[in-house]
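In what comes next, chain A is part of two complexes: it sits with chain B in the first one and with chain C in the second one.
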Partner chain A sequence: MGKIIEINHLTWQYTDTEKPALVDVNLDIEDNMFIGVCGPNESGKTTLVSCIKGLIPHNFIGSYTGEVRLFGKNIRDLRAKELAEYVGFVFADPEAQFTSMSVEEELAFGMENIGLGSDEIRERIDWVAKITNLENLLDKSPYDLSGGQKQRVAIASVLAMQPKIVILDEPTSMLDPMGKDSVFNICARMKEELNMTIIMVEHTMDRLARLSDRLILVHNGKIERYAEPEHFFENVDELVEMGLNPPASIVFLDQLKRAGLYEGPMTTSVEETIEIAQSICARKESVQ
Partner chain B sequence: MESVQTKKMMKTLLALIPVESPLYSFHPVSRLLLFVITGFIPLFINMPELNFMFAVVVLLLFIYSKVALSSLKMYLPVILCAGIFTFLTFIFFPGKDPDYKVIGHVFGLALYDQPIMNAFIAYSKILALLLSSIFYFSTNRERDILAALRTLKMPFVASYVLGLSLRSAGMFLEDLHTVREAEQARGLDYAAMKFTDKVKLYSMYIIPLISLALRRSDEISNALFVKGYSLKSSGKRADYILTKYRFSASDVATCVVLILLLVLIVYFKYRYQWFGSDHSLFQYVIK
Partner chain C sequence: MTNVIEVKDMHFAYRDGTEALKGIDLNINSGEFIALIGQNGAGKTTFAKTLNGLLKPSQGYVKCGGIDTNQKRVIKKLVREVGYVFQNPDHQLFNNEVGKEIAYAPKNIGLSDEEIEERVNEAAAVAGIKQDYLSMHPFFLPKGLRQRVSIASILALRPKVIIVDEPTTGQDYRQSVEIMEFLKKLNEERGHTIIIITHEMDIVAQFAKRVVVLCQGKLLLDGATKEVFAQPKILEAAYVKVPEATRMAQALTANGVSKDVLSADELWIQFQEAIGR
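Take a look at the complex of A and B:
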């Protein structure tokens, strides 16, 4: 697996702010990975992914030092069209990202921008509508849909462009539980079926951790942790102090560790946690 | 047992109309041309009866297109206010002309023939334009309008900006509604307010609405960047929506007839001075 994103000594400060949003960030991301990004509010998560997408420095004003390289190319040298071919971006507010007045046009818009022909656009719309269950909504206005459907349209419009990297910035933060489910289901499907790197910023750590190959913890503009889920959750107290909610299975295993009942690795899988609990119970019963 | 019939409806810019409306067998360009002809031909005509006929034609088009005429109710205040203002203007500010003849008095105010005739002419034009605009925006979505303009080779940027403007008007009203609801939820009683207080309140809406509009422009700018759009981008782009529409033989016939009608009216107006107010029935009625 090769490095597709390289961030070297990146510091970014928005104009009219007292301190930098990102401080000397270094990060390498390899291809075909699902990366979860978490951290407390105002920690710099959105700024980090905006830097990977190139929204910073292209669309924001501030001071920028260091570099972000996508597939070896400095992001500052890439134009909007090239960036769109490399990286797709889904915003937290579904309505903030609509550029058209029908779902079908919304899906087509990005593909028109990257220069695809009408026939290929049609084929990709059919493909992406099927993946995201939007087949019956193509003629509707995206503004008339439910929150979950809107976010599915936003994800579909990005997937249709078939970028190598997809960034989802808190895509479930404005959705009801059903909407959240539908977005996470699509993310799981993207991970399984599509050959792309996915970076997801999310507060719901439970589901994020289950999907992620690696997790990033951003705090005060710095990357505090970047590890596989089993190592990421080794210090649960620190996460709780930051106001984060570690997954229920992690909290449970942490309590078992504190009680001296478990010493193995942390897992976010519910099935594995049940197995661990069962084996502990069996061990206790045999001792008694 | 009573059965409930459900029709598949489509949301246009101003209304909801059945998807199977016969109007949709026409290409958006034909629909745009129909709007231009029914709305703008009256501007060349100074015979109110002819302009009122255009208004009647538009009403018939509403029925043909299966748009509920009851939807026109909400525009009645605009239609009536336009009439009242037009007539009051011509009555109170008739201008001076030795040829004017007094045809009566209202509250001691002399009514002259020609200004009243002019009021009828102006109002008939306004009415035709208003009705055809309501008809056009009630039967077309933003994408139909954009498809028409892009078929007529309007540059993508210009048509996109027009689309955004149409959308922003709706969003502005939606934001206003949200702000007012928030005020009502916190106990503000509009009914108990004096007129001057209401005016002050409306002026206070400007700041939140402008900041919301600015935030939206920022969001749309980011969304456009994310989708790979930039004003500087070069090269030809496919126009996917246009592949959704076909220009049929009936469209060609419709466009030819409508353009011919426009040309004939303009020709007869300027070559033979037809459609002047001198031959209007209203002139005889007023005299």
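Take a look at the complex of A and C:
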């Protein structure tokens, strides 16, 4: 699998701010990955993904050093149309990206903008409506939908552009647990079935830890960790210090390790952790 | 303990006929810290809005501090009993200065200028809003602080009960804990009864003493937090998942771990006892 995103020594400072939002960031992301991005508010997560979408430096004023390359090309040399074809972006508040009075028009908007023919648009609308389970809602106003449905419309409108990379910035922060599940399920399918690369910024760690191939921790404008979940959760105390709330099963497994009760690999699975705990109990009983 | 809210066989139907609440009985006592949970559409927000007279029951009654919300001309009295903080502070804040925002409600109930000033200063101090901020525009403050301004604007009415709809939405973990610690302080040190509406079960486990679960407009469960989370099967029917630490403890009860676990720390203590360390 090749690298599709390369960030080399990227430092970015918004104009009128005292310090850079990103400091000497280096990052390689390979094709068809599910990348989870976490870190406290104001740490630079949104800035980082804005650099991958090219919103920075194209739409913001500030000082930019280093480079971001998408599919080998410097993002500064890419035109808006090319960027739209490479990267889709879903915001925390779906209403912030709505422009139309029906779900169908909303889905068509981006495709009309890049000049697709009406047959192609029709075909893609049917396709994304099916994937995101919006088939019965196409005539409705996006504003009349539930939170989870609205976010599915926002995702579908991005999906319709068939980008290779989809970035979602806190897509479930306004949703209830069922709405959160539906968004995570769709993102998992986009990676598995459509071979897309998903980059998701999220605060709640439990779902993200279990779905991501790699996790990124952004803290004070720097990438502090970039690893597979099994390695990302080594040294739980440090993560807590940096403002994260690791899932309870991982905290528990970390305690087992530190107490010398478990020496195997780290896992993010609750079921596996329960089995590990049960086998420790069984061992103690047989000794007694 | 004195009763602050009494809800009796309360129904509520919206104008289009949708019955959002179907016969709720609930008593809330002074000084409680309650979490109201359930999936979206279960009736949580509708229920909360009936508690301060924003919505009036179509059947049965709600009494706040003994006042029936269905009576006429009681709103001035009710706002001193129960305050409701909206989920999104931006839906509630509309003044161009933080100080004016906090002064708005006391002014509306006809208090004197002196009294209003005293209450604004008191509410700002309790909510940790510095004097410098009082002349600022609320929309230029960070979200956590905007949330405090919306709570302060309710505090200025000195209500006995404060309802906060989704206090932690969109905040990171540290900010969530901070706002919850603030509500805890209002509860423990200043005696306010607190009701939060939330989907964050870790927050419920850590802060609420009592949990009320709504499902399809009915009261599904009501009890101490540990008792409610000890019934995962019933909760599952309401699409509520118990906290991960509780779920793990419940899977380890056969190994001697108590199922009354609410946090990873408690789980670890229980587990050590179970294996005799």
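The rule is simple: the second predicted complex is superposed on the first by the 288 of 288 C-alpha atoms of A that agree within 3 Å, B and C clash if a C-alpha of one lies under 4 Å from a C-alpha of the other, contacts with A are read in each partner's own complex, and residues count from 1 in each chain.
Just so it is clear, a residue touches a chain if its C-beta (ideal position, glycine included) is under 8 Å from a C-beta of that chain, and two chains touch if they have at least 3 such contacts.
What you see is a predicted model, and the numbers here were worked out from it, not measured in a lab.
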Quiz item: So, A:40: does it touch chain B (first), chain C (second), both, or neither?
Solution: second
Quiz item: Where does A:55 make contact in the superposed view: on chain B (first), on chain C (second), on both, or on neither?
Solution: first
Self-check item: chain B versus chain C as contact partner of A:249, first or second or both or neither
Solution: second
Practice problem: Could you look at A:274 and tell me whether it touches chain B, chain C, both or neither (first, second, both, neither)? | Solution: second
Quiz item: Of the two partner chains, chain B (first) and chain C (second), which one does A:177 touch, if any: first, second, both, or neither?
Solution: second
Exercise. Classify the contacts of A:284 with the two partner chains as first (chain B alone), second (chain C alone), both, or neither.
Key: second
Exercise. Report for A:203: first if it touches chain B alone, second if chain C alone, otherwise both or neither.
Key: second
Exercise. Quick one: classify A:144 as touching chain B (first), chain C (second), both or neither.
Key: first
Quiz item: Which residues of chain C touch chain A in the complex?
Solution: 39-41, 169-175, 199, 202, 239-241, 243-245, 247-248, 251-252, 255-256, 263-264, 267-268, 271-272, 274-277
Quiz prompt | chain A residues touching chain C - in the complex, by the definition given at the top | solution = 40-41, 92, 146-148, 170, 173-174, 176-179, 203, 206, 243-245, 247-249, 251-252, 255, 259, 261, 270, 273-274, 277-278, 280-282, 284, 288
Self-check item: Footprint of chain B on chain A - complex, ascending
Solution: 53, 55, 58-59, 79-81, 83-85, 88-89, 91, 93, 96-102, 104-105, 108-118, 121-122, 139, 141, 144, 157, 161
Quiz prompt | Touching residues on chain B, where the partner in the complex is chain A | solution = 10-11, 141-143, 163, 167, 216, 219-230, 232-233, 235, 237-241, 243-244
